[in-house]
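Letters are used for the chains, namely A, B, C and D, taken in the order the chains are written, and counting of residues starts over at 1 for each.
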Amino acid sequence: MNNTFKYGIIGANGRLGQEVINVFNEQKNSFVFKYDLEGEWISDKPQVLIDCSLPEVFFKSMDYVSEFNCPFIIATTGLSESNFNELKRLSEKIPVVQSYNYSLGIQILLKLTQIAGEKLKDWDVEITETHHRFKKDKPSGTAKMIQNIFKERKVNTSSLRLGNVAGDHTVSFGGLGEVLSITHSATSRRTFAEGILKSAEFALKKKNGFYSFTDVVFSE
Amino acid sequence: MNNTFKYGIIGANGRLGQEVINVFNEQKNSFVFKYDLEGEWISDKPQVLIDCSLPEVFFKSMDYVSEFNCPFIIATTGLSESNFNELKRLSEKIPVVQSYNYSLGIQILLKLTQIAGEKLKDWDVEITETHHRFKKDKPSGTAKMIQNIFKERKVNTSSLRLGNVAGDHTVSFGGLGEVLSITHSATSRRTFAEGILKSAEFALKKKNGFYSFTDVVFSE
Amino acid sequence: MNNTFKYGIIGANGRLGQEVINVFNEQKNSFVFKYDLEGEWISDKPQVLIDCSLPEVFFKSMDYVSEFNCPFIIATTGLSESNFNELKRLSEKIPVVQSYNYSLGIQILLKLTQIAGEKLKDWDVEITETHHRFKKDKPSGTAKMIQNIFKERKVNTSSLRLGNVAGDHTVSFGGLGEVLSITHSATSRRTFAEGILKSAEFALKKKNGFYSFTDVVFSE
Amino acid sequence: MNNTFKYGIIGANGRLGQEVINVFNEQKNSFVFKYDLEGEWISDKPQVLIDCSLPEVFFKSMDYVSEFNCPFIIATTGLSESNFNELKRLSEKIPVVQSYNYSLGIQILLKLTQIAGEKLKDWDVEITETHHRFKKDKPSGTAKMIQNIFKERKVNTSSLRLGNVAGDHTVSFGGLGEVLSITHSATSRRTFAEGILKSAEFALKKKNGFYSFTDVVFSE
């Protein structure tokens, strides 16, 4: 079978880890290694290593990457500056893909927002994000990623909390006589696992280098 | 010609006054009296009097109502408590319709929001309003009317300022597993003039009484 | 424990049946009877019987209702006219609640649409429904329920098929100068189980009668 | 006064022509020539010529362009193939900008749709357009421009007719677990006049060549 590969997961038992296993196995890839709260399990040396765990076990991930010496995809959130420095050092030898959001649709929204923002510099901009009532932080991390596109100006962001909405984001541009909006609605976690699969396939073709998920999506 | 009538306008030269004249004349009603910055003009005694002016000339409106002794429709905003008291005294003798918003669609939105709110008491509620960038006050007066429906609880309201949007209002209810939204978008001033026409036709059938535009729309 | 009850389910192993068990048990009600492909299981006589099965086993459901002589909530779709006649005969002795859609939000949307439709008779109406790409029938059953509200006129309905959208429905009313829209988005099956719980609690207070889910929601 | 210019308009008395005059004069440009149903008026030789007329007077426009030998911006719709050929011949000597839609927002929507379409090849696509009830043709010309972006596949387009909506267009992309939408709403004709101003300023810097409004917006 061509183009399939052996993979390992750190944080395999979490919700994202489980979804990654589903999506990778559907494509006939082989699950050969995991590390989790329950410990380590290995049946073969992985060709790519996925990290869906927590920053607390980052050092453990680094050990495994050194051991397997294979492409590394990291989805862990809340990394420190020293974590990033270590990832960059590592990326001199192997390909590393790092992102806080592996949704393809969000990457497209970010790209489209950047292009529209450059062309509509004197239009008003508004960001709206809607999430489930249990989400405490405002605005969402993704809303902050959108805000960062508009470096030179402060963009108002409205946060709505409704039922169990998985996550909607809208960027609206308002000119005199017209409004242009870009909206993304997430409905399942599967999209993140597919983004990680895409990243693994991307990294397997590289020799080394530090990449974001934006690179994966747009350097095709 | 049946069902047509003679009407007068206080504040005839303003933007709303002009729109009222357009809409009333399309229906073959006769414009017979006006009072404005330029003074008074009269060709016949009006059967109904419309006030599209400012609270500053409220006393003058009261003089004309007494003189003509006919139904009175008032769209003036920013009335004081004593203005309201005077209107109510007046309504013992003649029909008075008073509202700050004569849009039919907004009345329907208010009614639907009330019904949904009663049935969805444990759902989350969010109000969003979008207006042109020149609108200074937040939230809009109409958003406040929506908030007032939810007496017992504080409802979060998001205000967006975009280009020259005439006025959009959305009320969203979020339960676990579903979201219900009601949205109104205004695109022209004409709708207000049509609401005033409806109110005039309503008042012409009454002997006396103090009515809101909600009464006009829902007591049919 | 007050206000809790013993319940039985026909079609307990289906996706809706499982969700019903989750929701009912969260409220401390007791699961005492089931009938499914695997056969019958009983630990006590139920006080209310829920049918989440298929029209093929309708006769079996009727046997159990006769045996238990308790309120009956039926969510089975595709019932025949003779099935309905039997349900109505049955409802002379016991309370029966029947609906093809136990989502509270959809009931509210139907009610609001009816109210708005009566007040906005000369406005244009458009229905839009969006579902996952695998849904073959157009328009959706719920869209047909909305169409039926506008008896006297043919309402255009647009059907969109996108990804794995669970189900969105919008009714838009357009006047000159304004648009009013009502939108419902479903994100999980849980809402149906909650509607069935509400129906069970409603039926337990009745002596007999044939009720729709609309009755349950609006006769409170 | 720097960067201002003298301009002429063919079709000056139409609704678009009037809006162009407003917008150009706000920027202190000088209106020096017009041709209309009422005939010709000229006070000076224009540096740029705008055509807001009908294909019936295309030959007349060509005469004036030859006479003035200046950049030419044409907004006339319904041009024939021979009209286009003549424009292209002309563009060897002078700069010509031609478009059926000078709205900046629509250009951005087209560009974003193209970029998203390339990255989301296996997602579903749906186009929706909403216009006033008097619009007879379905789908709108702009919707066809959007359809043309998806050369290789047939994209379903829903047309809604509501009140006096000026023009809304939405492109939605649906993947498994997410939906991405781009929406444009037009609220006034002013936006077209601003696009024509931008095109005039662009053309004044060119020696010759045939350009679309997309070129104007994106070659900056």
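Heads up, the rule we're going with is that a contact is a pair of C-beta atoms (placed from the backbone, for glycine too) under 8 Å apart; a residue touches a chain by one contact, two chains touch by 3 or more.
This structure is a prediction, so every number in the text was calculated from the model and none was measured.
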| item | value |
| --- | --- |
| Chains touching both chain A and chain B | C, D |
| Chain pair with more C-beta contacts, A-C versus C-D | C-D |
| From chain A, the most remote chain by mean C-alpha position | B |
| Euclidean distance of C-alpha centroids - chain A vs chain C, Å | 39 |
| Interchain centroid distance [CA atoms averaged], chain C/chain D, Å | 50 |
| Where chain A touches two or more other chains at once, by residue number | 163-165, 173, 175-179, 187-188 |
| Residues on chain B engaged by chain A in the complex (per definition of touch) | 123-124, 126, 128, 130, 133, 156, 158-165, 172-179 |
| Contacting residues of chain B [partner chain D, same complex] | 163-166, 187-188 |
| Chain B-touching residues of chain C, taken from the complex the two chains share | 103-106, 108-109, 111-112, 115-116, 119-120, 173, 175-191, 194, 217-218, 220 |
